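To keep things simple, chains are lettered A, B, C and D as they appear, and every chain counts its residues starting from 1.
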Amino acid sequence: MQRKFSLTINGKPYADEVEPRLLLIHYLREVAGLTGPHIGCETSTCGACTVMLDGKAVKSCTLFAVQADGRDVLTIEGLATDVGLDPLQEAFWNEHGLQCGFCTPGMIMTARQLLEDNPSPTDDEIRKGLEGNVCRCTGYQHILNAVKAAAIQMEKRGA
Amino acid sequence: MKISGEYLLPVSRDDAYTILQDPAMLARAIPGCETLEKIADNEYHMKMKMVLASMSGLFDGKVRIADPNPVSQFRLIVDGAGKIGFMKGDGLLTLTPADGGTNVHYDGSVEVGGTIAGVGQRLLDTTAKMLIKRFFTKLNTEVAGSAASSGKG
Amino acid sequence: MATTTVKPETLVGKKVRRREDPRLITGTATYLDDIKLPGMYHACVVRSPYGAARIKSVNIKPALELPGVAAIFTGDDVKDLPSVPCVAQLPGLRMPHHHMLAQDRVYFVGHPIAVVVARDRYLAADAADAVEVEYEELPAVADPEKALAPGSPAVHPQWPDNTAFTFHQEGGHIEEAFREADVIVKQRITSQRLIPMAMETRGVVADWHAAEKSLTLYSSSQAPHLLRSLLAGIFGIPENRLRVVAPEVGGGFGSKIDIYAEDMLMTFVTQRLNKPVKWVESRRENFLGTIHGRGHVDYYELAAKRDGTMLGLKLKIIQDLGAYLQLLTPAIPTLSVLMMPGLYKFKHISADVIGAFTNCFPTDAYRGAGRPEATHGIERMVDILAAELKMDPAELRLKNFPAPEEFPFPTATGLAYDSGNYALPLKTALAEVEYDKLREEQKQGRQTGKLLGIGMSAYGEICAFGPSPATPTGGWESATVKIEPSGKVTILTGASPHGQGEETTFAQIAADELGVNIDDIVVYHGDTQLVQYGIGTFGSRGTAIGGAALYYALQELKEKIKKFGATLLEANQVSLSGGACIDEKSGKSVSFAEIAAAAYRALKLPPNTQPGLVATHFWEPPNFTFPFGAHVVITEVDRETGEIAIRRYVAVDDCGKIINPLLVAGQVHGGVAQGLGQALWEQAVYDDNGQLLTGELTDYAVPRAHMMPWIEASHTVTPSPVNPLGVKGVGEAGTIGCSPAVVNSVVDALSHLGVRHLDMPLTPEKIWRIVQAGGQA
Amino acid sequence: MIPREFDYEAPTSLQETLQLIASGERKLLAGGMSLIPMMKLRLATPDSLVDLGRVPGLNHIVESSGTLQIGATATHHDIETFPLIRGRCPLLAEAASHIGDVQVRNRGTIGGSIAHADPAADYPAALLALEAQIRLVSASSDRIVPAVEFFLDAFTTALEPGEIVVEVLVPAEPGAEGYSYEKAPHPASGFAIVGVAARIQRSGGKISLARIGVTGLGARAFRAMEAERLLESGSSLDQAVATVGEGEDANSDLYASAEYRKHLARVRAKRALEVALRRAS
């Protein structure tokens, strides 16, 4: 059984006919060609596949593509603009918030919601906010620094 | 994993012993049992569909009754395998007369393998207990039902 | 034409942000699963749910009939192919033939039975589900000590004692040491099985070109050249027709050094089908079928004098090998033996290793590979000795370190520690936490029932593997430096980094040596068609050996640049500085860019000089390097729940000279996270039948952001004399230093209750039970 | 990890939904946070899914005469952050904040969670302590069940075939009420080893009302009624919490034995009550 659906990804419209069982992560990676979100587990625990759905961070491996019908998806590929990198991307780079980089796209997307919900989080709030994203390389310390740095940067921009 | 517990069946020990080894009764009481066919003395082929929350799986296996010591004790051995893994239960059932019927004490082990063992660890104990509870509850209902109908007759 | 710009400052030693990051933070990097080839098939592996079983039948017919299925292969199809390779050698080693698909029996849960190849991964999964396998379960054994006990089920029927090898090493006169001793302390110490859990699971894309009889294999690998050599041997494909590419690799921690059954299987499949084929491991497969780490049961005996002088150390290691021998499986515990004396001046040692087969997946190198086990053991034993002698554990350590002037320091295990000042990091860390004040606080706290622990480890490790005679894969590393006609610099390294950041550190080294802007340098790695033969990245060897090879290649190239410079300047002697050749006599200079142009235009060649600017260097190190350091951990134990809170974590590491402090800090933090994972949470648990009960991230607890303490990391710097950069390596330091410091801290918190030792992981229930029992458990 | 094929329907009204699930064996998909991982592991293989995601009017959070009405598809993140709940039923917001992680809370719904009735889920403890009510609707019925009668066993609720959870009703906090949710999470799954929700009201220096909901300990969440009674009749905290879990058949797994779980339930209950008492004064 195939099902028609359409959605917006990073501001561009997409329309396709897919099996209902097609996971959103596979739609993004295999059909839309957006391989920034990664698959790190199958139990919705690692967060490497995190994208934003209607402005909220979600694990795209635990969502059927058809559930995103009519909705708006933002992936890591949609963050940087012609002007340059997003403050979070810039901060992850400056603060060495990544090593192998596999968890990074998901980590950045979750951090994005974290800062939207709470623009000046404490260390503990950042740690708690990132509990759904596993990084096996960094010990999280530089990630924490990166999120803090991005918060300051975004505050400056906003001000 | 070790399991043990006790249930009261509202029948005499002789009846309890018979009921617990009656394939028709077992087929009705074993949770998810779809068919139970005799393949040898005290040995049955079983097909069952396990349902737990959103999980479900078809199992194909055997039920065996061993070391019978009428009317106080026997072993019940159940094993089955399916796409989502396999399970084995081996329990010693001890029947003792009690107020209002017969106390059935079970003491044994459950072994689970495959995907269900690897990802369902935190729920195995709960699940095993729940299935055993369902088994005895169903048995109780069946016993009560047959007692009622035999009373009428 | 030349655009090379002069760089303004020295970069080595500075926090340079990484050059690999732009592609990683924008989601544009190419990892294995991002590779898509025209006509590519997808493979799915059917695996055993049993730890040990006889395969009665495999029925592929219902699966073959499903839509989109191209082929299904079973054990029979690959029975004549060679074994999955193990390159470690030990006298008398029993090596089972490790078929890439099971033959008549399965030996562990997850053992591959069949491979299903289909048009897409959804159809492959459906078809794999439809393969019918009938098993007859056999008795299994999953615990190495049980496996060695008489009457235990035989993992391999031909070897009923389950013993793959025994290994003995002795140094000095151990019995003498034990005769002389005033005190002997003994302890059984375990280092539990761990799952490496790289964020990216393994994967392979194999692409056979029948017309050329050539193969391109993409694999998420830490050692692509090694993979090429082994595959070439197994399949008889000449190496010059076999290209292995390690694309962006999402972490390895040792688990991607190996060649795996699936690397071979995909090679087999693509040759049979003449189509590219991809297999990507699921996380569950990663838990079941990628190497595990540790798996030790150790028995220690330490002999000492009453004054704390350590004399001799006996160690018996029972190594859980698993069912087969992967690439380096049996060699790992021998590394534990090498490092068993830790940083202490033992004159006498004796070690026995017994390698036990179990119905589990093989163990192999996981971050630290043998050294975390050794360090955990000796650092626990020192604390146990301190408790026995009623001596301060810091004092006992300081008493037994070799002095800085005693280096190179010969160990009883036959090594020569390169350089060290072992007291300095320990004293620094203790001063940082205000040790004496804490001891006072601890004393006070005990009166009100507060459980405060102060734990330390003084660790040493053997790194930069290593001289070739001591390394089964070869111990050297290679580098090529090319100056392109435009003056841009291309570096090819045989190391194959996967998160360590060598594209940055190597560019820093080259920028300084050549005096060019770092943006004019690009570092390539991981493609055997592009890069000269290399060994790979593991054992904290990337910079210490790969960086040294680069350094020497740069020196050769500089000589050649100077020759061209001298010719252009018509001078006898020139120096290279600030991106230019300078004739000191005349003061005239010629820019680096002009030299590059001249070298390729070749209009005016210096005598006996070939055109072009390329240098390649293969560097064989004379010795290992020996990083060291001290970690001090302050814990508070909740006596009601057994939960452990880390109040402070202070790490003072000495990895020799530091190329990039940002990256070194990252390595330490990440290392500590994995050490802490072992100390507190992680454990691969197999039940008696060989079922892996912690088979997913929902049961196996890796550290998450909210579980980690703030790590206060600093450094002492003792350059290594082994390589020209003075670096020692830092990839594994954090892991090695961490677990004993944490366990020592918690044992210290409970020591007044009589607790002497705790095995990892320190789960709340374990601690609660000990506290409940007043220390007796 | 690929789910098996299934049919999918996304009805756009409650009526249509009820009709669909009344006929045939269809599985409801709400947030999918429990169901989809099981489907990917092929432990769950439903033939047909009915997605609640497009049914309007099911995710409301409103207050009406002292009762908060929370629609079944309100997400955990909504419940955690919505000012009305934070202000008028902070215990529920606090419990919601402990579920999974932010990505899971963004998708997971209260209706889906309670219908799933995982023995280690967070909501049941809070809903029991709040004496919440749950509205269940089918094509032919519409009824309200108290939480204490809803959670029956592991993964077993009072839901009849064809029925769905449409609304959770919780009393808005009267004012000077103290509350707390204390959870010991599993370090890998984040599920409660035990979780205790406590509510306290005081009058004249005495505890006038105590409600304690416990999750994770046994096959289903339960109210520690004996402890509640003891607290309301002036017993000490220690006396009261000593009865928590008495007679309960505690779960046991690799991480925590039944004995430890029971102990932990009492420790956590005490801590939850201490916080609740502090907040109540």
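We take it that a contact is a pair of C-beta atoms (placed from the backbone, for glycine too) under 8 Å apart; a residue touches a chain by one contact, two chains touch by 3 or more.
All values reported here derive from a predicted model rather than from experimental measurement.
J.: Could you tell me which two chains share the largest number of C-beta contact pairs?
T.: The largest set of C-beta contacts joins the chains A-C.
J.: State, to the nearest whole Å, the distance from the C-alpha centre of chain A to the C-alpha centre of chain B.
T.: 48
J.: In whole angstrom, what separates the CA-based centres of chain C and chain D?
T.: Whole-Å distance between the two chain centres: 44.
J.: I'd like the Å distance between the centres of chain A and chain C, where a centre is the mean of that chain's Cα atoms.
T.: Averaging C-alpha atoms per chain gives centres 29 Å apart.
J.: Quick check: what residues of chain B touch more than one other chain, meaning two or more?
T.: As it turns out, chain B has residues touching two or more other chains at 83, 115, 119, 121-122.
J.: Please list all residues of chain D that touch 2 or more other chains.
T.: Within chain D, residues 1-2, 4-5, 39, 41-42, 186, 188-189, 254-255 contact more than one other chain.
J.: Would you mind listing the residues of chain A that make contact with two or more other chains?
T.: 19, 21, 42-43, 45, 131, 133
J.: All pairs of touching chains?
T.: A-C, A-D, B-C, B-D, C-D
J.: Show me the residue ranges of chain A that touch chain D in the complex, using the header's touch definition.
T.: Where chain A meets chain D, its residues are 1, 3, 19-21, 23, 42-45, 47, 50, 53, 56-59, 61-64, 66-67, 69, 110, 113-114, 117, 129, 131-133.
J.: Write out the stretch or stretches of chain B touching chain D in their complex.
T.: So the residues of chain B in touch with chain D come to 52-57, 83-84, 115-116, 119-127, 129-130, 133.
J.: Quick check: in the complex, which residue numbers of chain D touch chain A?
T.: 1-8, 10, 29, 32-33, 36-37, 39-41, 49, 51, 53, 77, 81, 100-104, 106-107, 188-190
J.: Using the touch definition from the top, list the residues of chain D that touch chain C in their complex.
T.: Residues of chain D touching chain C: 1-2, 4-5, 41-42, 184, 186-189, 254-257, 260, 263-264, 267.
J.: Under the touch definition given earlier, write down the residues of chain C that touch chain A in their complex.
T.: Going through chain C, the ones touching chain A are 17-18, 20-31, 33-34, 121-122, 197-201, 248-251, 253, 280, 282-284, 498-501, 662-663, 665-666, 668-674, 696-698, 702-706, 708, 710-711, 734.
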